[in-house]
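Heads up, there are several structures right after this.
Both of the next two complexes hold chain A, though its partner changes from chain B to chain C.
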Partner chain A sequence: MRAGETNRHLTGWLLASPLTLVLILFLVLPIVMIVVVSFWQATEFSIVPAFSWENYDFLFGSPVTYRVFGNTIKYALIVWAFTLGIGFTVAYFLAFHVRTQTWQIALFLLCTIPFWTSNIIRMISWIPFLGRNGLANSALISAGITDEPLDWLLYSDFSVILAFVHLYTLFMVVPIFNTMMRIDKSLIEAAYDGGASGFQTLTNVIIPLCKPGIMIGTIFVVTLVMGDFVTVRFMSGSQSANVGRLIQNDIALLQYPSASATAVVLLITVLMVIGILLRFVDIRKEL
Partner chain B sequence: MTTKKLSRRGLLKGAAAAGAASAFPAPMIWAQNIKDVTLRQFGTGVSNLNEVGQKVKEDLGFTLEMTALDSDAVTQRAATQPGSFDIADIEYWICKKVWPTGNLQAMDVSKIKNYDKIVGIFKDGKLTPESTIAQGTAPHTVGFTDGPDGTTFASEQTNWMTLIPTIYNADTLGIRPDLIGRPIETWAELLNPEFKGKASILDISSIGIMDAAMVCESMGEIAYGDKGNMTREEIDKTMAIFTEAKKAGQFRAFWKTFDESVNLMASGEVVIQSMWSPAITAVKSRGIDCVYQPLKEGYRSWGGGIGLSKNLSGLELDAAYEYINWYLDGWVGGFLMRQGYYSAVPETSKNYMSENEWGYWFEGKEATDTITNPFGDAMAKAGETRDGGSFEERMGSVACWNAVMDENQYMVRKWNEFISA
Partner chain C sequence: METRPRSFYVLGAFFVLFLLFLYGPTFTIAILSFQGPQGGLTFPMRGVSLHWFFDLFQEQAVGDIWGSFRRSFALGLMVMITTVVVSVMGGLAFRKRFAGNVVLFYLVITALVIPSILVSLGVGLIFSQAGLPIHWASSGFGSQLTWTLPFGLLIMFAVFNRFDKSFEEAARDQGATNWQALRHVVLPIIAPSLIGVALFGFTLSYDEFARTLLTAGSYNTLPLEIYGMTTNVTTPVIFALGTLTTAFSLVIIGVFLLTVWSMNKRRAKQGSDAGKGMV
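Moving on, here comes the complex of A and B:
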């Protein structure tokens, strides 16, 4: 009996250890390293191990930091609002308007087709489309909507947000669709029987039941947008900056400690955002 | 370094070769052994071309391994990993940062065959005796050191060179004459409101700041002591002018890579921007009119050279000198000049170029026939002349050399503010 128990303990530890090891090696250690390096100092050629608050001093003392973090959060909020609106609508259509499962699966797969090409290609293909002599502008001009090509279509916040929404909406669709499919249809029937209008059913039954899906989608979108640097660089023509670009610039100039410090602050910000989000919904319970 | 240990057999061979060499004046007494030598060269993409490596194998017999990196990585590697390379192909302003670390060894000028034919820019700083020396890190100021172990730069020519010059050029603004429709003569045009939303500048701080300074100076806004070594106040003023222009929507985009600059220009998003010479050619090769516009204030120039690692000695060092002499002997020069760059020893390069090519690229004459680059792409049609004219006209009006400033880190921070403004 006693031997059996030790055995069970041992098996438990052994079963858990591979994942623990992988996480320690590839997640915990790198993050610890980043935190450590963020206190080091850098000269033009070398990185000096030290314990100094200089990187953080500079980071928090510079107006650029606040502007750039503000910009990053602005992108995240706007992109979140759009992806949520579009994602929820698409998922709602798939879950409640498409009757047969075959069609549901077929249409769902259709949504994923753009993901068969790389992220970067999907993003860059917007550039010739939105350009001054691009398809969008020539269509607008030939339709007589504008006389002059619209400059703000490309290399602007508009194009950055457009690309983000295009890239990340599916991350909203999938989890919301997933939770919607698990809503017991009889609940909706009960709502109708009870005299609720379609809108009341939506706000009182469907949305509350979809919260975990919305939350998972939100976490995906917010973290992806806040950590991005490529989309912002290409779609804004390097004219806007977010935190990712700040880090990228530092790395290009070999200022690893300062890049680490920025990364640590970004990590904390994102964790705080997720922490707040999780206060609204207990994902564990709802799943 | 992969030299085989000398075996008895190898020694005998060497002795035999030496015997042969004394009988017939063969080029190298170590011809047998040199095949085993591998030299590792790294540098920026401009001159680190595989064709050069292949030709070295053909002509000299040893192997040249090339690694291309961006200029930040090049600087770091030269400064921090001396064991990782044998030959550093770096720019002169990088040399200014790297030489004091002692990772490179001085080169004995008496072993450089064509030293006398190297253009004056790299020796006394003067293209012709009347030339004035431009601002910035002029190559001759960091081209010499006091002795074999010198870590400081000599103020005049000595017997010890830090870098052997290889490639250089003069940069200016690129324009789309078909979309601008009037002559462009000064750097100040970059911030002319006429081109609002149609201008661009490169987002590489060390070079971008120089272009910005050329513009501010020509606008008459700032008089710089030395554009290559600005004071904090000068940096602040320059960035303030550019930030204001950026906020007013002057710039369409900033570019960081060669391809981006080509696409911006070719698509017509931008009609005036800082540009590199091969990018102009790439735009032209799409059948789009594009000019590398000479401007009255002059050019922003850059130059590169090869330096030897401190760790080179013996046979490898001999091979490296052999490589340097071969480099200056003309084949590489011709290869580079047919792409629009200049060679440090133009007169030897002439032997490897047709009269038409020499006339077009170097003398600024009309092409008598189609000009093609070494890769077979047409660069100019008969009757065209090179933008900016001859070698003397272009290199004679350099206003500033690429440089590294004392206030480099401050400048970088200010540049980041400008980008995020």
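Moving on, here comes the complex of A and C:
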């Protein structure tokens, strides 16, 4: 029995060793490196090993930091609300209103295909749509809704959030659809038989049962938005900032220690959010 | 046929709008990439031509598009194969509890949720401090794996959660060794899901931008090349490139889906081989 025990651990470790190796080399060590460098100092051309709290002092002493972190959380919350609303509705339609499995699979694939194409291309695709002479403005003008093209459609918070919702709603649809498909249909019938209205069934039966899917979707959307720097740069025309942009700017100026300090604070923030969310869901069971 | 409730039509309309929202912009740039030679980045179309596609083939106009495409393609294949092999091994490992499995699982979750610029920055710093040159096939490759492996592993979890262990046990009862049970029973059953893992591995790598930004070195991958173009190219040539790479992605997705479909079909045609074993 004892030998079998060691054997089991050994097999497990042998099988898991390539995964562990990659994660240690390209995840754990880089994080350690960032933490170390965040205490270093920078000259104009190079970075110098040191142990100084200077980068953190500067970070926490600057009002820009708080504004940018606030902005990042604002984006995350708004995008989360929209992706959840849209994602849930789409998943609900697919799971409960589309009747044949063939159609379900076909429509589900149609929703997921953009996930496998380039994010950057999907982002720049909005430009001819939202620009001053873009499709949206021409449509609004010819419909007589406005006389002048709207400037806030592109390069604004509006376009940033629109692009985020466009890119990341899929991450809500897929896990919510997955949990919905596992709901025993007889539970819903039981609710109706018991006299519940459609709305009551939705709020008392379906939504509670979908919670794991909602949590997984939330984890994806929140972390993707909080860690983003490309979407905000493109869609705000560099007029808005989030933490990712702050880090990227420092990197562009070769201020690696300061970039690292910001990165450490961002990582702690993200991990805290995820830690809270993971209390509500056991990911391994829900797949 | 029973009548559908009114909510079906409301939700159906919502779904159609969602698809329009999802695909509309991509179609817009697909149309605009056929702009005439005098056309600009927005409507109206000034004639219809293939001008901007031809422009793509002239190296000096847009930088090293074809070189970066070749690199992205090679990197995609490397990441794909590694992701499939490592995820299957990881998935098999996690079927039984081993010492430290919880720690490893949380590392995988961390890899999934960590802002990608941190991976880029950290790997870049390690390579520069160690005096190693960064290159898409070394540092870029490793950085991308931290994004594709969690997806691969999560798919394997989903697969093994649904896996009926009695097939494997039956094989063992018949005297199969662990390796034989894996090779002749487990792997053939999970094969279609492996195509899914491969699809994730390839496309996530082919489109990955943030994790390769600081780790690709002096030879750009295609997304990095496109990123560079967005800041200095102001002609529809960028739409032509966008349309081509999206079309390429669609072809890849199509190939993967067809493979899964034909595998399932062949399996259905063969039916059960119960009782036909070589005794």
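We adopt the following convention: the second predicted complex is superposed on the first by the 263 of 287 C-alpha atoms of A that agree within 3 Å, B and C clash if a C-alpha of one lies under 4 Å from a C-alpha of the other, contacts with A are read in each partner's own complex, and residues count from 1 in each chain.
Quick note on the criterion: contacts are C-beta pairs under 8 Å (C-beta built on N, C-alpha and C of every residue); 3 or more make two chains touch, one makes a residue touch a chain.
None of these values were measured; they are calculated from a predicted model.
Chain A has more of its residues touched by C than by the other of chain B and chain C.
When both complexes are overlaid on chain A, the residue A:Ile268 reaches neither chain B nor chain C.
Residue contacts after overlaying the shared chain place A:Gly131 against chain B and chain C alike.
Applying the stated contact rule after C-alpha superposition, one finds that A:Ala81 touches neither chain B nor chain C.
Contacts of A:Ser238 after superposition: chain B is touched, whereas chain C is not reached.
In the superposed pair of complexes, A:Trp116 makes contact with chain C only, with no contact to chain B.
When the shared chain is aligned, chain B comes close enough to touch A:Leu253, but chain C does not. Common to the chain B and chain C interfaces on chain A are residues 127-128, 131, 133.
For chain B in complex with chain A, the touching residues are 70, 72, 75-76, 79-80, 97, 101, 197, 200, 203, 205, 246, 251-256, 263-264, 267-269, 408-409, 412-413, 416-417, 419-421.
For chain C in complex with chain A, the touching residues are 4, 7-8, 11-12, 14-15, 18-19, 21-26, 28-29, 32, 41-43, 85-87, 89-90, 92-94, 96-101, 104-105, 107-119, 121-123, 125-126, 129, 142-143, 145-146, 149, 153-154, 157-158, 161, 199-200, 203-204, 206-207, 209-210, 214, 223, 226-227, 230, 238-239, 242, 245-246, 249-250, 252-253, 257. Touching chain C in their complex are the following residues of chain A: 8-9, 11-16, 18-20, 22-23, 25-31, 33-34, 37, 86, 89-90, 92-94, 97, 107, 109-111, 113-114, 116-122, 124-129, 131, 133-135, 138, 166, 169, 198, 219, 223, 226-230, 234, 244, 247-248, 251, 256, 259-260, 263, 266-267, 270-271, 274, 278, 283-285, 287.
Those residues of chain A lying in contact with chain B across their complex are 44-46, 62-64, 67-68, 71, 127-128, 131-133, 151, 154-155, 233, 236-241, 245-246, 249, 252-254.
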